[in-house]
Structures are given as structure tokens and as C-alpha cells.
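In the two complexes below, chain A is the common chain; its partner is chain B in one and chain C in the other.
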Partner chain A sequence: MSGHTHNADDRRELQMARSMCWHCQSEMAGEYFCDRCVKVQPVSKDLDYFTCFGLPRRLALDPQALEAKFYELSRAFHPDFYQNKSDAEQTISLDNSAMLNTAYRTLRDPIQRAEYLLDLEAGSVKDIRTTPPADLFEEILELQDTLDEFRTSDRASENAAVLRTKLDADRATLEQRQRDMEAELQQLFSRWDALQDRGEATEPARAERGRILKDMRDILSNRTYVKNIVNDLLATIA
Partner chain B sequence: MSRIVGIDLGTTNSLVAYMDHGTPRVISAQNERAMVPSVVSLTDNGLMVGDPAKEHLTRNPERTVYSVKRFMGKSLADVQGELAYFPYTLTEKGGVIRIQLGEKSYSPPQISAMILKELKLRAEAFLGESITKAVITVPAYFNDSQRQATKDAGMIAGLEVLRIINEPTAASLAYGLQKKTQGTIAVYDLGGGTFDISILKLKNGIFEVLATNGDTHLGGDDFDQQIADLFLAEIRTQYGLDLSTHPDNMQAVRLEAERTKIRLSDELKTTASLDLPDGKGRFTRELTRDQLDALSIALVERTLGPCRLALKDSGLAPGDIDEVVLVGGSTRMPLVRQRVQALFGKQPHCELNPDEVVALGAAVQADILSGGTTDMLLLDVTPLSLGIETMGGVMSSLIRRNTTIPASAKEMFTTYVDGQTGVDIHILQGERELAKDNRSLARFRLKVPPLPAGVPRIEVTFLIDANGILNVMAKDMRTGETQSMEVKPSYGLSDQEVERMIEDSFKFAADDVNARKLIEARLDAGALITTTEKSLADGGHLVATGEIEAIRAALSALVTAKDGNDPRAIRARMADIEQAAKGLTVAMLDDSLKQGLQGKKVSDVT
Partner chain C sequence: MAYSEKVVDHFNNPRNMGSFKKEEDGVGTGIVGAPECGDVMKLQIKVENDTIVDAKFKTFGCGSAIASSSLATEWLKGKTVEEAGKIKNTDIVQELNLPPVKIHCSVLAEDAIKAALADYQKKADSK
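And then the complex of A and B:
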């Protein structure tokens, strides 16, 4: 734990650049290591993953560059390189590495990246949908019935074969639906990035920003719902 | 910083290696092979480890422990199915298996510690310095309890275990160092008792594990058992003999099965042969490679499922793998090579000695930790998902399998009843939906100040360190106080137990040193007896009868001393022989020179 308290405003800033070195108490100017005593510095718990990787909050990013940065930071923080150091430095190395690994895992995957950005910009996206999206309501209810029937059916029977064919078709439809949602998300990602690049502080820009975030949230939540249904379906017919 | 060695603590064989100016090398004792059989025997002359212990597998089966790695971090219930195959007696105390050896019982970490000590002694003798730090390898698919048990074994052996690393990733370090490979590799590691598959990306000195999978109960032992079962069934029908009541013969069958399997890696057919008890003579049987393949195919197929899962988890197709590396003695089987080649669609690499490459990689990792190698870095993953039991007995995952380690997750806990002072937390590892189907790692009770329900907020951090071992910390968010907690492992030794075992091991250290001196003295005495007898046969005619009698007397004194327990007495009798046989040695040398130098005397040529 950093032991500091932060208000919401300085959340966005690189905490380390402003704090003191835990070891020599000098004003910190270096990025992850104290300029004066070269000790590794704890990454602030409030540092967001984009900042950690030195990236702007955009949804399109170059995976090669992300990986290169991950490797560079791993070489800086990994506990393997702190075996001969003090206990305090070993603890910092362990915590920083764990944080770095989480950050990389989150940013590497486009969906997790978007969910994380949404969380930063507008609060958690994790409220799990329990009812089907409106445009899929009928289909999903029917699918649930078919699944129930299939589960209780004799797998060798002719009826089961018919149900299986139907379920296969449903799976194809849902997977297509998932791909459509991912395409929609891609468009929203591009719109988000373009808006951020323009950096306008106008009322229409703020409204556009709110719309994009809301649409992203809806599609992400629908996509998760459909994905769970598909997984359930696959597990049942496997 | 003192030297750190790398140790491969294997199911059937163990090795120790060190880094020699940038090149990893295995350490072998004088005139011996580097591999130490992972066998411990309690003989009338004390504890023996390695090759001398292996001789007792058939002579002293109830008191000779092999494949102890299968029991690391396990409860008796976990291994119920295979108990019948082991001639030694297993019991359980506090969720930990105990192995009965004579009067005493030992936990698997204690037995493993005996093997580690032997390796430590070898390294110390070879390097001429005291060794107190080691990197020890474990199967990648080992769970937290099994890793912890391995760490305990190191501590009991007097070693500070600086890192537990996964066998296939260790192998990749040795392979990558030698081959300077870049790209995606699959390491297929089929050892004596365990199977692992790891998929790695190698780039500019970073070894990033993408996914790992495996089976901690599948290896060479299982192939041997298939062959042994066949022999046993045939012996029963042909001779009406049930060898399962003869532990010594059971071991002989198992060892002959292993030898037969090994021969069939090079030959297309071979003949197994066994002495039978009760004057029933000898059982011989021809076995072809095709027959072995038929016995093995189901086991080999069992390795392919984990391979496919690892590919899936890393988001790759078989064609994306640039190189396949084979590790572990069992990958010498032609059937294994064929099936692996068929799955990945490319010829696997087996240039590195599959028995040694894991220990070599451990030495590389040891060198990284001591700051010697700075350009290589291994980023490994946790093989199994970690979670906690939630309402309704369901497991809630906190850290998913194949997450890069170190990895951490936080979870907030509160109370449901006013004044509640504790929250029970049950930590699990595994991929199944229900808590009861997963591995229970530990239970602990979080202390909570008595407050109205829902008010306390305790944040628990689950941290998997670079060893793949779990650490738990709790913090009261209201007071900011951190809480230390007693985590009781579900299947493992408590800290106090480990400490007691370390003390015990010091107590027995004196006995161990003596036992080791005795073993060495006996080996040397055996060699001297053989050469002296040969000299008497070859050159007895060259010296006086009195001299021959003196040598014979000294010989029989040594034979008597060799059966005793005093290494110093053995050494003294050996010196006697050397003294008594001096004349004979000179006469024989003279004689051989005479043959070569046309009758010149030693004094003429020197």
C-alpha cells in the first residue's frame, strides 16, 4: 500500500513524478527509479494502465509497441533482478511486476482494454446483464427451451439429432451476432479515438463523448451475455 | 554472493548443475554418472541414496522408497488408486502422507530432502565450497501444495530455495541459450512421473510463457507399469504364481519392464527375462516394439489433450509453433516422437540430452538470480486458476490460469451479521465450477472488528509470487491496519513441522556423514578386493607362497570389515592389503616390463 491519499483530480497524473523517493527522500524526477540513489520506486496504486505504459487513452494501439514496452518494464521490475537487493526493494519489485502483468493483460486484449477504459472514464462496466438484449429476446428464450429439451433427451435418439442440428444453427447465428457487435465496437473505438485526438471541450463534443461511452457499455454488456450463452451451448452439445 | 546451484528433483532421477563461465554443466561425482536415482533406502547400515539405494529395490523393497515425487503435496486419498503398486507402507498424519521406514515415518519432503542433500554434497565436493542456495525445478502443472512441499524439502536439506521454476521453462532456458532461437516454441516434457507442455515466445532474451498444461500423474513409471502388468498376468497363467505377494519380485518385474522399454527405443524386439521364486525357474518373454506401442498408445494419447488445450489457451494453431523441443527420458520412445510430430506437423528437436536439459536450465536461472546472466528473463505463468469458495459452494476465480506471474488480485470482504468477528475464507486452485471439485489450498479466518453488518471492509490481496506460490495479505480499509493471518495449508506441512524436520535433519546429519563415508569405503573396498583377486590369479606364481598367504589373510580381513559399519576399519584393512601386496605389485610390473623390454629389469630402465 502506498499509504498516501489521493483525490480524484490527481488520479490522472503520473504519481511517481511528484512524490519523494522512499529511500533517500529526495524529490523524484525519474520515471521508475530515483535519480539520486537509483532505487526502484513503487508504482502508485492509482496509476492507470495507459499511463503505466506511457500511452494516451486510445482504443487502437500497436500490439508490437505494447509488447516491447512490456518487455522493457519487465526487465526493470522483475523479482529475478532484485535477488541481491534489500527486502524493501524486493517487495516493490514484486508489487510492481504484479501490477505490470495485470496492466499488460488488460491492455493486450481489445475488449478488456475497452472495458477498462470505460471503467476509468465512466465507472464499472461489470454489472452483468441477466436478461437478454431486446433484439434477441425471442431467439434466446427459444434457445433456452431447446437446450433444456436437449439436456433431458436421450442423446442417441432421432429427436436429439434434430435438436443438435437446430442448436448448431443457433450457435452459428449467435456467433455471427457476436461478430457484428465486435464490428460495431470497432467503429465506436475509432470514433472515441478521433474525438480524443481532436481534444475539443465543446458542449457537442461532451455530448458525443457521453453517447460513445453509453453505446460501448451497452454493446459490451450484450456481447458478454451472448458469449456466455454460446459457451453454455457449446458445453451442452460437446 | 555465494554460488547458487540448479537442481532437477526428478521422479526417477535427480541432477545438480552449475554455471561455468556462461555455460551450464551438470555435476557428476568421480567415476559416476551425473544422474542420481531418486531412491532412498533404509538399510542395516543406515540411509542410502541414489545408486547404492537402487540396489535395495529388490533386496529390501519394503524399506526402499522410489518415485516419492508422486506423493509431494498429496493426501493419502489422492493416491489411493496406486497404493497397491508401492511395496513401502504409506500412512497419513494431518493431511500429509507419511512413509514408514523401519521404526520411523517420514513425510515426502523429508525423503526428497535426503536426495537433495546427496546432490548438495556432490556439488560441494565438486566445487570445493559450501552450497546453501539452490533453484529447484518442479513440473509446470504442480499446484501450490506441491510447490510448497518442494520448497520445504529444500529447507529440510539445508538449502535456501531461491526459486522454484517449472521444468519445461527451465529446459527452454537451456535450449534458448544454446540455440539462440527466436520465435514460438513448444516444450513437450514427459518425465518419469509427470507430463508438461509449455508454449513460449522467445524474443530478444525474453522467454515469455504463453500457456502451460499437463498431468502430474503421467510418466515413464506408467509405461513400465503397463509392461509389468502384462508380465505379471502371464506369469500367473503360465506358472500359477501370484507375484503380488512377493514385494522383492514385484520390484524385479518393474525394473525389468523399465529395461525392456528402454531397449525397445533402439531395437525392434527384445527379450525380457526374470528369475521366479519358489524354484519355478526363469520367465522369458519376447516383446516387440509394436507390442510396446499397443500397450503405450493410450498413455501417449493422454498427453495430446493437454497439448491442444495449451495451444488453445495461447491462441495458436499447431502450425504457428516454430520449434518443438523434447524433454524428459520418456521422449526417447519412438511412439512419443511420432505422435508429437503428427500433432505439431514438424520434426521435434532432441539434440539436447533430455535427461540433463532441465538441470542445465535451472543452473541458468540460478545464474540470472545471482546477477551473472543479465540478458535473459523468464516470464512464467501460473498453471491453474486460483479462487475462493463463494455462496453455494461455487468457486469464484480471482487469478485465471496462464496468467503471467507475479500476479495479484484483490477482494473486498464484509460481514452479514451485526457484531460478526470473523469471515472464513477457503482458497482453491483448479478449473472446475464447484469448490469441491477443485484443490483446496488453505482455509483461514479473517479477523473483523465487531461492527454492524456490512460496515467492516477488509481487503484481501492474493499474490502469486515468481515461484508460483501464493501469499495472502489482509488490510482493514477503515483503520488501514494490515493483518497477519495464520493460513493453515490443506495438504502440507505447517511452518512448525518444517522447522522440526530441519532440526531433525541436523540431528541425523552426523549419522548421515558416517553413512556416506561407509558407503564410499565399501565401494572402494569392493574395487580393491576385485583388483587384488585378479592380481593373485594373474601374478601369484611370481612371488613366494608366504607372501600369497599374507595377501589372502589381509583380503579376508577386508571382506569382514566391509560387512561391518566402521568406515575407518575398512580403510585400515585396505591399507593392510596395499602393504601386503606391495611385492606382488612390483613383481607383476617387472614381469610386464620384461615382456615388453626383452628381459631388462626395472632398475635398468629407470
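And then the complex of A and C:
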């Protein structure tokens, strides 16, 4: 487990995920299996991926704990073990396995994890338009110009060689920008987690949450943009 | 989705494509973009005696983005700086028959006009 402690919010979510067993109708206390009839339970569609893995909603997470829980649940839900069970159980096993795989893939990757968290918290950031830095567009515009020129140039010519050198330099600049953005994201992740750990419900805390989420969304969107441009560049000069 | 005739016309025969030297007197430059779709747009105006005498654009993006900026430069020519500030993205949507999914292209063009005007103003003020 990661070093984070569950705060009151996380606990409430976990409790709300519990309900009645679909088979014997007894109150569920177990995690994914009924204590009484031992039937597998469907993972609720409302359950977020963090809760599904028993993790707090934080951006820093222990990859080993995530993996261990993934293997544990994979075994528990694996359709192979349900071949001789009822249709209902087979369906649950399939659905749970599919959901588990998606959840694992999403949480394993730090960027996808952040994007997922933003979706979960979307209420507070939905309508904020991202504001990319103006100098980024100047860079991109110049780069597109050079790419255009390169595409129509004779690859064996002197000019193409000059352009290629320029494009290589542009690529280095953009990749540096990507690294800077990733470092910035990492800082925002820590700030977010720290804020969540404190669990304050005050107005300034809410405003700070909104700011962090907006900044994260901005950087994630610019990062995708830069990544696509770099891919385009690489494909052109390949 | 099919592009409207007007979009296709602007796309095939873009008006005022090119650029001015940024440093030139009376030139305002606006560079905007949308990371979501990867479009980037440069729109420039040349102002003499408070009137836009020429406008140029350079856009890397979809047909609607190119058409929106091409149309914007056409409209800008001959307008005063104040009139230019009143061009709305909805005017562009109407003129080009842009479908809902392409409205952001017209927003981008409006943003580019605003950015170019602001840049012109800034240069004028600092003199």
C-alpha cells in the first residue's frame, strides 16, 4: 500500500460501494464476494477505478501495490474459474475482468491516471477553456512552415540537409518542452495529493483544487499537442 | 460531413495567404491555436490611419479553419480598427455554413483577429 491514509471521503465511498448480494440478498460485507453464499459480485459501474483497487484517490501510487491487487483480482474474476458456474456468474466474471483490465491500464500510466482523475473531478473544471502559451504556437507555426518546405524539397539537395538540421533542433526544443511539462505535472500531482491528504472543505481549499485541476488539464492538453507534433515531425523526416 | 461550397471555395482559392514582417510599422500579428485539434493560425493586419489596408493569414489546419481565416482577412480589409473588433465568430459560422463540430474554427478566427488587433494596439501605444 502507498503511504497515504484514507480520509473520511474515501471511506464513505468504500461503504457506499457495498450493497446487497444479487444472489442471496444478504447485506454485503465482503469486497467482491458475498460472505454468506460466496457468489462473485458485479463491480458497480459507479465504482471508480481507485476504489476498485482499494486505493485512495491520489496521483502518486505504489505501482507494486497496484500490480499485486490487479493479479489478486484477476485471479478472483478470471472467466476460466467460472466455466462450470451459472450464466449469471459467468457474465459477472466477464464484465468484472473487462472492467478490471481497463482500470489497471488506466491507473498504471501516470498520464492516463491524471486524465482519469480529471474526468472524475470534471465538475469543477468542465467549462474552463485551456489556455496554451502563445509562444508555443509561434514555435509550432514556424515548425509547420519548415515541415512544409521539407516535404516539397528534393531530399538529396543541400537545402533539404539544412532543413533537416533545423528540424532536428526543433525536435530537441519540443522534447525539452515535453520534459518541462512532465516535471510541472509531477509538481501538480504532489500538490493535489497533499491537498487531498489534508482533506479541508474550506473555500480556499476548494479554489486551490480547482486551480490545480485546471493547470493539470492545460498541461495535459498541451502535452498531447506537442507529442502529436513531434510524431508528425518524426514521420516526415524518417 | 460535406464542406459547404463557400468553405471549399476558400480552401481551393484562399484569399490573402502569406505574411507581413512582424516588425513592420502598423502591422499587428495574432497567432492562436487549438491544442485539441492541432490547428494553428496566424493572422496579420496592416493598419494605416486607423484603417486596415491589408490583411494576411497562414493556417495549418482543417478546411474550415483555413476558410474561416481566409474569410476573416477579406472582411478585415477596409475596416477601421474599431469595426474589426466587432467581427464575431457567429458571423463567420453563418457566412460559411459551418456545422456545429466546426464552430471552434470560427472561434479560432475571432481569437486571431482579437490577438492581431491587440498586438497592433500594443505596438502603437509603445511608440
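Quick note on the criterion: the second predicted complex is superposed on the first by the 210 of 238 C-alpha atoms of A that agree within 3 Å, B and C clash if a C-alpha of one lies under 4 Å from a C-alpha of the other, contacts with A are read in each partner's own complex, and residues count from 1 in each chain.
By definition in this document, a contact is a pair of C-beta atoms (placed from the backbone, for glycine too) under 8 Å apart; a residue touches a chain by one contact, two chains touch by 3 or more.
The structure presented is a predicted model; accordingly, all values stated were derived computationally and were not measured.
Touch criterion met: A:221 reaches chain C, while chain B stays clear of it.
Using the contact criterion defined above for the overlaid structures, shared-chain residue A:110 touches neither chain B nor chain C, since it reaches no partner.
Between chain B and chain C, B touches the greater number of residues of chain A. Of the two partner chains, chain C is the only one touched by A:229; chain B is not.
In the superposed model, A:71 makes contact with chain B only, not with chain C. Of the two partner chains placed by the overlay, only chain B lies in contact with A:102; chain C stays clear of it.
By the touch criterion defined above, A:137 reaches chain C but does not reach chain B.
Comparing which residues of chain A touch chain B with which touch chain C, the overlap is empty. Within the complex formed with chain A, the chain B residues making contact are 1, 162-163, 203-204, 206, 208, 365, 368-371, 374, 377-379, 403-408, 463, 465-466, 475, 480, 482. Chain C meets chain A in the complex at residues 31-33, 35-36, 38, 40, 42, 58, 60, 115.
By the touch rule above, chain A contacts chain B in their complex via residues 1, 3, 71, 74-75, 78-81, 83-84, 94-95, 97-99, 101-102, 104-105. Against chain C, the residues of chain A that register as touching in their complex are 130, 132, 134, 136-138, 140-141, 144-145, 221-222, 224-225, 228-229.
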